[in-house]
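Both complexes shown next keep chain A, but they swap its partner, so chain B is in the first and chain C is in the second.
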Partner chain A sequence: MSEKKVPATILTGYLGAGKTTLLNRILSEQHGKKYAVIVNEFGEEGIDNELVVDADEEIFEMNNGCICCTVRGDLIRIISTLMKRADDFDGLIIETTGLADPAPVVQTFFVDEDVQQKVDLDAVVTVVDARHFLDAVDDAHELAEQVAFADTILLNKTDLVDADTLAAVRRRIASLNRFAKVMETVHSAAPLDQVLHKRAFDLSRILEIEPGLLTEEDDHEHDANIISVSLTTDRPLEPQKFSEWIRGFIMERGVDVLRTKGILNLFGQDNRYVFQGVHMVMDSAWGAPWAETRRSSKLVFIGRNLDQAELDASFQACTVAA
Partner chain B sequence: MTAAAEDTADAGVRVVSPSVGLAETPAVGVHPTFALVEAARNRAVVGFGDGSLRALPLTPETTGYAGLAAVDGVPLVAARDLDGGLLIGTDGAGLVALRGEALAPVAAAEGWINALAVHPGAGLRAFAADRRVTVLDGTGQARLTTGEHDSTVAGLAFSPDGAWIAAAHYGGVLVWATDDPRAAPVRLDWHGSHTVVSWSPDGRFIVTAMQDKEMHAWRWQDRKSLRMSGYPSKIRALSWTADGRYLAASGADTVTSWDCSGQGPMGRAPLEFGYVYNGTVRQVAAHPERLLVAGGYSDGTILIGRIEQETAVIARPSSGAPVVALDWSPDGRRLVGVDEAGAAAVMHLRDAALA
Partner chain C sequence: MMDDILGLARPKPAGDAPRLKALVRRRLGLGADSTVMVSELRCHEDGCPDVETVVAVLAAGRETESWKIPKPMARITEQDLAALPAR
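Showing the complex of A and B:
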């Protein structure tokens, strides 16, 4: 029996964006690999795989007093059963409905211990239809959330739009989520090594938050409901102060904070402290030792109605007084 | 002659405790889904994720499984059937019965069968497929088919008199009358996902285990409810002592047993035994007669403990793989356990263990 955990990819995007096309590419191009596929709706396009399980989107709130802490009960059952089969799967792909909120799916991997013991969430991959995105995004909060949650975005059907539209779509995606990798595609033809095995939720890889993006100027539009915020400081953080602030903030604003990632330089510690979160569900660990002489803390949020200046002031207030 | 000397006289039996002899089979590398004793055939049947059903002789010389049959899909749940065979629920092939080495269909099902219950006294069998519960009589005739629950039914339990069937789902428990298909169910509501349900042998309490790592109990008489929380991990198993006094639960780093006598567990701390370093309790099974409970741990250890003394003996040392099922023979002399790697243990209790 293999003790290696199976990587799981969550595939989101509006109906017609090209999710199933991407799914079939993964299934046909990864020769000799064995995938289990969980779908929520059978689209017009068939799925070419031996094992396709139809899920029933049962969203369960947890009883921990946090209204945004939801899991997918059907996924817990299905994944637990799939992992009991003799088959050694190379991967698990979960295709959500076009209107799905990705949070319950993602949180299932953080909250349920049976799922956690067998499966590692690899990444959230969102397929965006370049033609319809700008028209739809203002009216459909699900669409904005799917982009905000993404680690990888396929900006698809780029052959059907002109250069100006494409640039506008890219700007809008960046305003929602500055940290995801965006790939322009036609017929969802992305290099699969850019889609699979990203280990985007692996705490030991949070180091690889794209450093360039963290120091970019905040030139994005602020009209968007969902924005990305990045905070950084070279002064060490006072552990107690930081802990109190981040707990309080997440308790109060967790409903609005979709994703959080951080690499922290805590005062008196030789190792990085890394953490990530989805709404109020947090996961943290000690990371690799600091090798650099210049240590710097980085914290990113993607969420609704976030105030960069206010967050930065609170964050800077957690540093050890100079 | 001492108990230990007796043990060594049995070929194939390891002595891990003076009161318990252990026979083991090696791991088969497939994940078991259930293990149930069939006393009349002196065997246990183990279901596996690859669809196979294998027999394990309950003799002290047990060295391996014998292949029996295979279901189409995964045998998700099983229970001892009315006439001694087994009833098995699958993930797509409906409800089937195992008689000897033969499998026979019992009922078709829409979707996966996630829960089963059998009431020998009332001659009833119940299964839950997706959001509906069906109650069958001994001939396979449907006595009751419920409407859709608000979510998938994850657990089933008959009342001790067989007059009711309790179905656990997201949001609580619906309790259906088994003899009146038109009667509205009794609603026991509590926010959250209820994954296991159990009815006390004295009929007083309905208890669920929840996704939230806690238990919820309702007193059937007045529907008064209470919660039992503080568990560090998921509660996968609940088991009542035969007299209905204690309810054992998995989910902690010890086997916890709640005293449900009198006013029930309210305001009482559970009795505990069996702390295993770095292990949590995955499975519990109360002895069919005495105040003993078997606990199966995440590291493969199996302990047998005395509830009221809060002491335990090791029945099977750690195998490294979590225990997924435990079952007693009806006479309480043998205990069967299987772990996630497919290794099985048959434990033989000496008189000393039952004294």
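Showing the complex of A and C:
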């Protein structure tokens, strides 16, 4: 039996944004790769391929004193079945409904041990309709969450809006998620090598895939319910202090924190400590040695009702000099 | 490899999932139409086990059933599954 892990891409987007168009491009272009696809019953158009129809979003909640996470039972079942023939395809694509909360889909890949052994969550790709985004985003929390969760955003249907509207859409996207890569497209025509196999959840690539991470503070509108917060410090972090703070914060506010990423300079350690989380589900690893590079800790949150100043004060209080 | 000094790493019970799934299948007499999910949850709170294992049985058209066993996956034996309804 093959030991290779299959990369899985989660494809989200509001109704009519162009998800299925992208999916059909992935399935029809000549790239020499074969994809298994899990779709849902709300697909706007047909998909001409081998596929598994996902009829129900079965939400299964796991919790204890520290963690509450919801996973998609139907996905675990379907993926477990698909993995018996994993040698038959090069990747897995999960298209969610336009109204789906991405969190249970993402967390499914963090929870089941067999899924983890056989599948690598590659990235969350969100397709956004440039024409309808601004009208819909304030009333449709699913749309805001799909953007907030994304590693890659296809800003689609850009031919249907003028330059000012496009700029406003980009600003609004950035206010929700400053760290996703945004590609402007017409008919979802993005280069597929920039959409698939991005390894966005690979801890060793957390910074590599986000070259703009934490480089600037800009004055995006902060009236949004969901915002991105970035924190940085050049002083080393005291491990015990930081651990207690982050675990307490995630336990208390994990429902509101959609995604977390960090690369840490821990006092007394020669290597970077990298971690990420989706709501309350976290994972971490030791990264490359700092060696001669300038040591700096960076922490990113995307979530609801986050207070940048309060978070920064708590973060800075975890440094050894504090 | 260095320890996870912040306690943020996900439990990784390598190799124990298939063994536990087989135990659960045998105990519950499950057929091919059922999927067993096993997962470890870590907790740092007082009163919680450091690591507990969640076992869930998923089948199309049926409500998911789940149980918690207050120990790491690697230490679960057949006796620990006594709370699961034998079939």
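Going forward, the second predicted complex is superposed on the first by the 300 of 322 C-alpha atoms of A that agree within 3 Å, B and C clash if a C-alpha of one lies under 4 Å from a C-alpha of the other, contacts with A are read in each partner's own complex, and residues count from 1 in each chain.
Assume a contact is a pair of C-beta atoms (placed from the backbone, for glycine too) under 8 Å apart; a residue touches a chain by one contact, two chains touch by 3 or more.
The model shown is predicted, which means the values in this text are computed figures rather than measured ones.
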{"item": "Chain C versus chain B on the shared chain A, clash or fit after superposition", "value": "clash"}
{"item": "Partner chain in contact with A:W286 - chain B first, chain C second, else both or neither", "value": "second"}
{"item": "First, second, both or neither for A:G73, with chain B first and chain C second", "value": "both"}
{"item": "First, second, both or neither for A:A86, with chain B first and chain C second", "value": "first"}
{"item": "Chain B versus chain C as contact partner of A:F110, first or second or both or neither", "value": "second"}
{"item": "Partner chain(s) touched by A:A321 [first = chain B, second = chain C, both, neither]", "value": "neither"}
{"item": "Which superposed partner A:A163 touches (first chain B, second chain C, both, neither)", "value": "neither"}
{"item": "Which superposed partner A:E58 touches (first chain B, second chain C, both, neither)", "value": "both"}
{"item": "Which partner, chain B or chain C, touches more chain A residues", "value": "C"}
{"item": "Partner chain(s) touched by A:A309 [first = chain B, second = chain C, both, neither]", "value": "neither"}
{"item": "Contact residues of chain A, present in both the chain B and the chain C interface", "value": "58, 60, 62, 64, 71, 73-74, 76-77, 81, 112-114"}
{"item": "Chain B-facing residues of chain A, complex", "value": "1, 56, 58, 60-64, 71, 73-74, 76-77, 81, 83-86, 112-114"}
{"item": "Complex contact set, residues of chain A against chain C", "value": "58, 60, 62, 64-67, 71, 73-74, 76-77, 80-81, 110-114, 116-117, 239, 242-243, 246-247, 251, 264, 266, 269, 271, 273, 275, 277, 281-286"}
{"item": "Sites on chain B touched by chain A in the complex", "value": "27, 29-31, 33, 48-50, 74, 76, 91, 112, 114, 130, 151-152, 154, 170, 191-193, 210-212, 214, 233-234, 321, 340-342"}
{"item": "Residues of chain C defined as touching chain A within the complex", "value": "1-2, 4-10, 12-14, 16-18, 21, 35, 37-45, 47-48, 52, 54, 56, 58-60, 64, 66, 68, 73"}
